[in-house]
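Paired with subunit B in one complex and with subunit C in the other, subunit A is shared by the two complexes that follow.
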Partner chain A sequence: MVKCHEQLDRTFAALVDPTRRAILARLEREDGASVSELAKPCAIKLPAVMKHLDVLADAGLITRSKVGRVVTVRLSPEPMREAMDWLRRYQRFWSDSLDRLAAYAEGKEIEMQEKDR
Partner chain B sequence: MVKCHEQLDRTFAALVDPTRRAILARLEREDGASVSELAKPCAIKLPAVMKHLDVLADAGLITRSKVGRVVTVRLSPEPMREAMDWLRRYQRFWSDSLDRLAAYAEGKEIEMQEKDR
Partner chain C sequence: MTSLTLVRRIRARPSIVFDALTTPEGIARWWGPDDGPVLLAETDPRVGGCYRVRFRMLDGSEHESSGEYLEVVRPERLAMSWRWAGGEEDPGESLVEIELRAIAEGTELTFTHSRLHNEETRRSHEEGWNGALDKLERHFLASSNEGRHDQA
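Here is the complex of A and B:
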């Protein structure tokens, strides 16, 4: 239970930073990228990108493999599944609001039809 | 776009702490709770709980209303919807793994059937 908490803590903490989210989003579109490729569109320097990659790797959200001098970064999205499962329980509130909105719209429509008669 | 980033930053930052997640989970089960009710099962003191509630309120995840001396806390889960939408794009990776697992299991089954013949 404690271990599960710690993983969720790390996952959410990794997702707080927009640069880290941008890295994950890019790795979602491409099957692996080198560290320098990942650093290119970032407005921050390479050492800062490396630190962000450390946080992502510690949270288990990426893997890094080195061939020669090139480090390839790959997505490892499994921990995000747990984060999504955690958030899923609040889904019924959004569905409830949508149901209420639909009922309201329906009520308005009937009102208009009755006026037209 | 910047504003959207900031909201996601705040939402994920609010979700990092297990005490804050426990408060949100409790508010999901109950329709509103007083601050002292929320503090009761926590192993931490009331001022610390108040600070967690400040973080949750700043992220727009709870609302607080005061009647007399009682502050009632209610869930306001809408910002979590955006967080879940952000995570949803990784869902295909989990489905892909499940598909691969299903294909593997199916292959094994056919193999066994052929052996039995």
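Here is the complex of A and C:
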């Protein structure tokens, strides 16, 4: 359980950075792109891209494999799926709660207006 | 993707909505994922004050969450930490933020629940999410469904 919790924190921490999100979005289009291909359209230098890839790999969001001198990068879906499960659980919880909150507040508003009359 | 955001337009003034969010009487009427009862609601809506809410779901299971009020600006803004007692549902702490904006018909409520509560998260909220990420999410959903299919 503790492990799972730490994994989730790592996933969300990795997703917070816009450059890392851009890298993941790029991989979604071109899974198996090489590191140098990934660095090309980025305004940042290769070492910075490598650092971002380290964070993504630590979070389990990507895997890297080396063939000769080329390092290719692939998405791995499991941590992302867990992160989205987390969000979906709370969506179910709060969506119904907020509907009832709205109905309750609207009833209070009507009471208040009738009192003022 | 690192946070959940829900928006509701409510035909009631912000002060009424704010009190529904922060008083035990209010919370007892709406808190929880189904129509099961709220068993206990304690609030102390000031910065550093705590809340605790226990509810029973229709399946008979009982759950309790608690936390600390981090920002209390009646009737505009509320931020609180969130933690499940026991932590079975979701160990660790997360952040709930609620903004209330007066609109012609009453109040627009923006609700956010996020996993991390630090400067990075805030920055990420401000930047928002782009369409590429929606596509990415679909991609991951598709591949995880495939995964389930393979296991079946």
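Throughout what follows, the second predicted complex is superposed on the first by the 91 of 117 C-alpha atoms of A that agree within 3 Å, B and C clash if a C-alpha of one lies under 4 Å from a C-alpha of the other, contacts with A are read in each partner's own complex, and residues count from 1 in each chain.
Everything below uses one rule, namely that contacts are C-beta pairs under 8 Å (C-beta built on N, C-alpha and C of every residue); 3 or more make two chains touch, one makes a residue touch a chain.
Just so it is clear, the model here is predicted, and its values are computed rather than measured.
**Q** With both complexes superposed on chain A, which partner does A:9 reach: first (subunit B), second (subunit C), both or neither?
**A** Both partners.
**Q** Touching A:39 in the superposition: subunit B (first), subunit C (second), both, neither?
**A** neither
**Q** For A:86, using the defined touch cut-off, is the partner it touches subunit B, subunit C, both, or neither? Pick first, second, both or neither.
**A** both
**Q** With the two complexes superposed on chain A, say which partner A:28 touches: subunit B (first), subunit C (second), both, or neither.
**A** Both partners.
**Q** Per the contact definition in the header, classify A:109: touching subunit B only (first), subunit C only (second), both, or neither.
**A** second
**Q** Could you look at A:56 and tell me whether it touches subunit B, subunit C, both or neither (first, second, both, neither)?
**A** neither
**Q** On the A-aligned overlay, A:18 touches which partner chain: subunit B = first, subunit C = second, or both, or neither?
**A** Both partners, subunit B and subunit C.
**Q** Touching subunit B and also subunit C: which subunit A residues?
**A** On subunit A, the overlap between the subunit B and subunit C contacts is residues 5, 8-9, 12-13, 15-18, 21, 24-25, 28, 75, 77-78, 80-81, 83-84, 86-87, 89-91, 93-94, 97.
**Q** Could you list, by residue number, the parts of subunit A that touch subunit C in their complex?
**A** Residues of subunit A touching subunit C: 1-2, 4-5, 8-9, 12-13, 15-18, 21-22, 24-25, 28, 75, 77-78, 80-81, 83-84, 86-87, 89-106, 108-109, 112.
**Q** Spell out the residues on subunit C that touch subunit A in their complex, using ranges where they run on.
**A** Touching subunit A from subunit C are residues 1-4, 6, 8, 10-13, 16-17, 19-21, 26, 29-34, 87, 89-92, 106-107, 109, 111, 113, 115-116, 120-121, 123-124, 127, 129-130, 132-133, 135-137, 139-141, 143-144, 147.
**Q** For the complex, give me every residue of subunit B touching subunit A.
**A** Result: residues 5, 8-9, 12-13, 15-18, 21, 24-25, 28, 75, 77-78, 80-81, 83-84, 86-91, 93-94 of subunit B touch subunit A.
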